[in-house]
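These are the structures in question, set out in turn.
There are two complexes below, and they share chain A, which is joined by chain B in the first and by chain C in the second.
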Partner chain A sequence: MRAVLRWTLTRLLIMAVTLLGTSVVIFFAVRQMPGGYESVVLGPLASEEQRQAAAERYGLDQPVLVQYWHWVTGAVQGDFGISLVSQVPVIQELALRLPVTVTLALMALSAAVLIGVPLGVLTGLRSTSRSGGALGRTVAGLGISVPEFVLGSVALFVVSSVASCFSVGNLASLSGEPATLVRALVLPAAVLGLYCLAATARTTRDAVMNVLVEPHVTAAVARGETPGHIVRHHVLRNASVPVLTLLGTITAYLLGGAVIVETVFNIPGVGSYMVTGLGRHDYAVVQATVLLAAVAFIVINTVLDIAASLVDPRVAAAGGRR
Partner chain B sequence: MNVRQSCTAAAGILALTLTGCGGGGAEPAAQAEVEPGYLAVADDTATAEGPVTVQVDYDSQEDGGLDPQLATTARSWSLFGLVYETLVTVDAEFGFQPGLATSWEQPDETTYIFTIDTSAQFSNGRALTVDDVAGTLERLKDGVGVWAGQIGPVDSVETLDDTRVQVNLSEPYTPFLAALANSPAGILPMEEIESGQVDIATEMLGTGPFVMESHRQDQNWVFSRHDGYRHAGDVLITELRVDIVGEDATRQAALREGSTALANFSNVDALSLLANSGATMYSQQQSDFYYILINGLREDSPLNDQDLRFALNAAIDRQALSNSALAGESAPTGVTPSNLPGACDPADLPSAGVGAEGAAGLIEASGYDGEPLDLLVYNSEPVLGQMAQVIQQQLEAAGVTVNIEQLDTAAYYERTHSTVPGNFDMALGWYAGYGDPAMVTRWWNPDIAGFSAAFAGSHEDLNGLIDQAAAESEPAAREQVFTELCHTVDEYSEMVPLVHRPGIVGLNPDLLTMDLAANEGYGDFLRYLPTARPVSAG
Partner chain C sequence: MTAGTAGTAGEKDGVIVSVTGLAAAYRVRGEDSPALAGVDLRVDAGERLGIVGESGSGKTTLALALGGMLPRSCHLSAGRIESCGTTVRGAGGETADAAQLRALRRERIAFIAQDPAASLDPTMRIGRQFSLAMRAQGTPMTDAAIDEALAAVRIERPDEVRRLYPHQISGGMAQRVAIAMAVARRPQLLIADEPTAALDAEVRTEVLGLIVRLAEEHRITLLWVSHDIPAVRRWCTRAVVMNEGRIVEEGPVGTVLVEPEHAYTRQLVNALRAEGTEGDGR
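Here is the complex of A and B:
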């Protein structure tokens, strides 16, 4: 138990350092992009004096380290600055967009967990049968290999061409009302969820197949345990670590903004906010959204590491030895 | 290729494939005028009132916020024009019609007297006064906006009585009315601005047909009908929602499924993609045009040689460019937009008569050493990449190797406009063409348009012609000046006009019927929304 605690504290410390490093990388990387915000918003017709005035107005003429200090101290207090384009605090816009992205992520994730995991277990258990293996490979292959922008574009075209209960062309004004949100996001979530589902099914299948050939499963069979008992107590528990890791990665990716799906369907989420901000060099927006994605990734992975150590103490022990 | 480009490209290919399977390869809709000057007219039998949703490709993003005088982009002009009215308006033939001015007279070449409509009132209920008009024009003249450069040599503005305002120019300026007809010259509530009651950068208070209710950047605008508008009886749209939808494919889907009544498209393929969708598609001829910058200012650049620049200009076949990159929905133009009255004929330009072989000969004769030239485009206007490829092939045939560089907007401007000289050989872009042929020509004088100094020299003869074009009012003499001006620009070949930028608009006839002019000067496809008629209420 002490090993797990020590290992957990180490993970939390590493997480804090990683976040700090990430903030530095994000801040300076954004400023390495050629061309400044004033070039985008003022356009080519502006004079040099107008550009300088704009840079001064937004504090972009200050030394970069001073700008970083202002930003990072603000971010720690929840103030991510003001969008240069809309003049609205970034946190205010994130508060509107995050529920949309979280809902979309949860819906896609649901598909991964509720369909992908059982499908993976089923095909893993039946991997020796021809039909089980083929089904698993087909679903995983299709889901993983069809890019989201292709699937999304096809869905847009098909759904808008036939009478259906879905509407795909008016998501720009999505409200945060849960029922409306869920109904509107069904199609985008299906597009997004297919990849998640396929990846989860494939990983689960592989994990189950790996566990099935381990000696303790063979021993359980030899002891005469029922198949259901073996699956529940020996297979699923041992196969869960890689699946949990994958689900964590997918969750972090989705919470950071499903950039492509949000762009294709014009969903006002965090991902589309990031893309728009990048195009305009709206520094405060890009920094906040990328940092949010990084935080989601780092925090979720840390939580997963800790969860994995609790499920399987050998993880912490191995980590502690390193 | 970024996310947006990937999505656009994929959606285009897929949609083309899918419509090709289902529709048997539809041709673009014929752009016949239903009435002189109009591609569409509102159906007078539609009398229902109701809300309307339209979708546009990008949002207004101005350093000056909602201040119309600082607006620089066509989308801002369109949106601001729903709230603010101008003294005069431009009609489908680029003539001028009364706006807030019921009439005007021009006692001499430098004096304009406007009689204002005293029935007009701002949406806060206050009546328009001559002080609002005079104050607005003074503010515009003294401001730093781009439009201050287009409004001309306004010397002073004075109120003559309760209904008349006199504008005195320091010298004749023929495009004056055309400059007044665009929304940056919209009349502002000067009393409220000066008293601090209204911050015009964050609020909108105009006399126009709509009142802004809300704006969420890059998401939507909501306008309500202005009940105090002097022509309120003509406005049947009770609530106007303008959604910002960045992807062409998504706007196409919205138009197809009926979740928007009107949408614009940046890709000319939308004409064929939506041909069998139930939407009515229109291709407006805009005075906006694409140009190629040929930077002759860099030290040791072969492009310092005017003969080589002219040869490159001559090697570009504009009609082929239109056919290949713009589906034939465009037309060549000189520096005076060819769809505006009195503009020069692009077929008469010196470069137009050279031909491909002649251009190759000129390039060889110039002593060009074969060093590859870079051609910059920016990725927010996807057709620029396609145009660049056509130009690359045309110049390759003339013996010039071109390397295309596709940049984001900021990086593009960084290379082309932020240093003198600009850090590039050639670059593609486009200008708004406005409502008078002389207006855009001012950008060819770096002494007026400082940004041009990054790639164009200041030439006494050219600057003189630009001034002459602005001052001349007699039509025949004007045409003569325009012709000379076009030829001179063509010969210097620093900023070379290519072809018009078409405006693709889709209308769902089951939801909305409206006027749409065949020609447009300010990129304003929302111009006729105030008199548009919802087909079904609710």
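Here is the complex of A and C:
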């Protein structure tokens, strides 16, 4: 237990350092983008005095480290600044868009967990049979190899011309009822979910197949334990670490905004907000959305690293070298 | 008698294992590679039988076949196997079903693997997996009984070891745990396949002595697959020598491994003498 505690504290420390480093990289990388704050706000024809006034207004005349300190302390308190284009606080826009992205992420993630994991376990256990192997390979191959924008475009075409039960592109306004939101997200969530499902099913299948040939499973077979008992007690837990890691990566990716799917389906989520911000050189928006994606990735991976050490104590004992 | 049914006649006669004309082959890249060719073997209750031979001679295949544990790539093409009263394979080729084989392994045969640490579930504490294994057999054990079983294999502070994970104990201790788990099930036949191959010399002698002592104490028949001829000579009562899937010589260890008749056995024993490793099984 001491190893797990030490591992947890180490991971938390690494997380804090990584978050700090990431914030530095984001802050300075955004400032390397072509065009300055003043140019975006005032346009190319503004006078030097106007630029000076804008620089003072946004604190751009202060030393870079002071600017960074203001930005990072503001971000910690939920203040990401004001969108240079819309002049609306970024946090207000995020508050509207985040529920959309989170709902989309949860729907896609549900497919990965509720369908992908059992499918992976099933095909992993039946990997030696022809049907099991073929099913696993087909689902994983299709889901992973077809790009989201292709699948999304096909789904849009099919649904808009054949089925009317799902609304398409109805999310331009964010003031709809929760039921409307969910209904409008079914199709994009299905497209996104298929990829997540396929990746999860394949990783689960591989993990199960790897565990099935481990000597401790052979030892359980040699003790005459039933297949159900072996799977429940000796396979699932051992196979869960790579699956947890993948689910963490998928969750972080989805919470950071599924950029392609949100763009294809015109969903006003965090991902499309970031793309719009980049297109308009809206640095406050870009900084905030990239930071949000990075924080989601780092925090979720840290949580899952800790969870992995609880599931498999060797992870903590080896210091994550496995 | 159909496959899987109890061969009570054999047990009454004190025969634990009866193998007749057994042939097996591994399917490698679409072709059969023979592993056993007409093996006949009889093991009586209470015996300590050592099966020796070079790698690839068919020792492990024979041992696995007794418990219906052959890998999918291996198939039996002829012969009859009766283990602890269960007909694993009948003379007509009929085989025991999965449930019958599980019952055989759960109730009457125990295996001890080569790599002790790997044969324990790495994500589960020793006590928990001991308890689960016993529960799966239908004979649950309390923590105190598990401690007693661990103490019987000379594990000091068993209550502490019970709470450890496999990666937290040494290879020698892991093998003792594996032996305790096997013996606690009170099998009729204990099959140990190179049980000390992963251990150093000092621990090896201790573990072998332990296996033999427990087998005698609980009247368990021991079938020991090994490369280690001096150790087989020291600990077993009878030896079987295998070469290229056949039994070339068998008999009391004092005869077979001291004054062998077959040329192959003489070669094995002479090689040991030439190497100067013909010790007392340590």
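Assume the second predicted complex is superposed on the first by the 283 of 322 C-alpha atoms of A that agree within 3 Å, B and C clash if a C-alpha of one lies under 4 Å from a C-alpha of the other, contacts with A are read in each partner's own complex, and residues count from 1 in each chain.
Quick note on the criterion: contacts are C-beta pairs under 8 Å (C-beta built on N, C-alpha and C of every residue); 3 or more make two chains touch, one makes a residue touch a chain.
Please read these numbers as outputs of a predicted model, since none were measured by experiment.
By the touch criterion defined above, A:Glu225 reaches chain C but does not reach chain B. Contact with chain B, but none with chain C, is seen for A:Ser47 once the two complexes are overlaid on the shared chain. In the superposition on chain A, A:Arg183 makes contact with neither chain B nor chain C. Touched residues of chain A, counted separately for chain B and chain C, are more numerous for B.
After overlaying the two complexes on the shared chain, residue contacts for A:Ile260 are found with chain B alone; chain C is out of touch. Of the two partner chains placed around the shared chain by superposition, neither chain B nor chain C is touched by A:Arg6. When the shared chain is aligned, chain C comes close enough to touch A:Asp312, but chain B does not. The interface of chain A with chain B does not overlap its interface with chain C at any residue.
Listing the residues of chain C that touch chain A in their complex gives 67, 69, 72, 101-107, 110-111, 113, 115, 118-124, 132-133, 136-137, 165, 167-168, 178, 181, 185. Per the touch definition, chain B reaches chain A in the complex via residues 2-4, 6-7, 10-11, 14-15, 18, 22, 53, 55, 61-63, 65, 72-73, 144, 146, 202, 217-220, 241, 243-247, 249-257, 259-260, 277, 380, 407-418, 429, 443, 449-451. The part of chain A that touches chain C in the complex is made up of residues 128, 214-216, 218-226, 229, 233-234, 237-238, 311-314, 317.
Residues 33-48, 50-51, 54, 83, 85-88, 93, 147, 149-150, 152-154, 156-161, 167-170, 172-173, 259-260, 263-266, 268, 275-276, 279-281 of chain A are the ones touching chain B in the complex.
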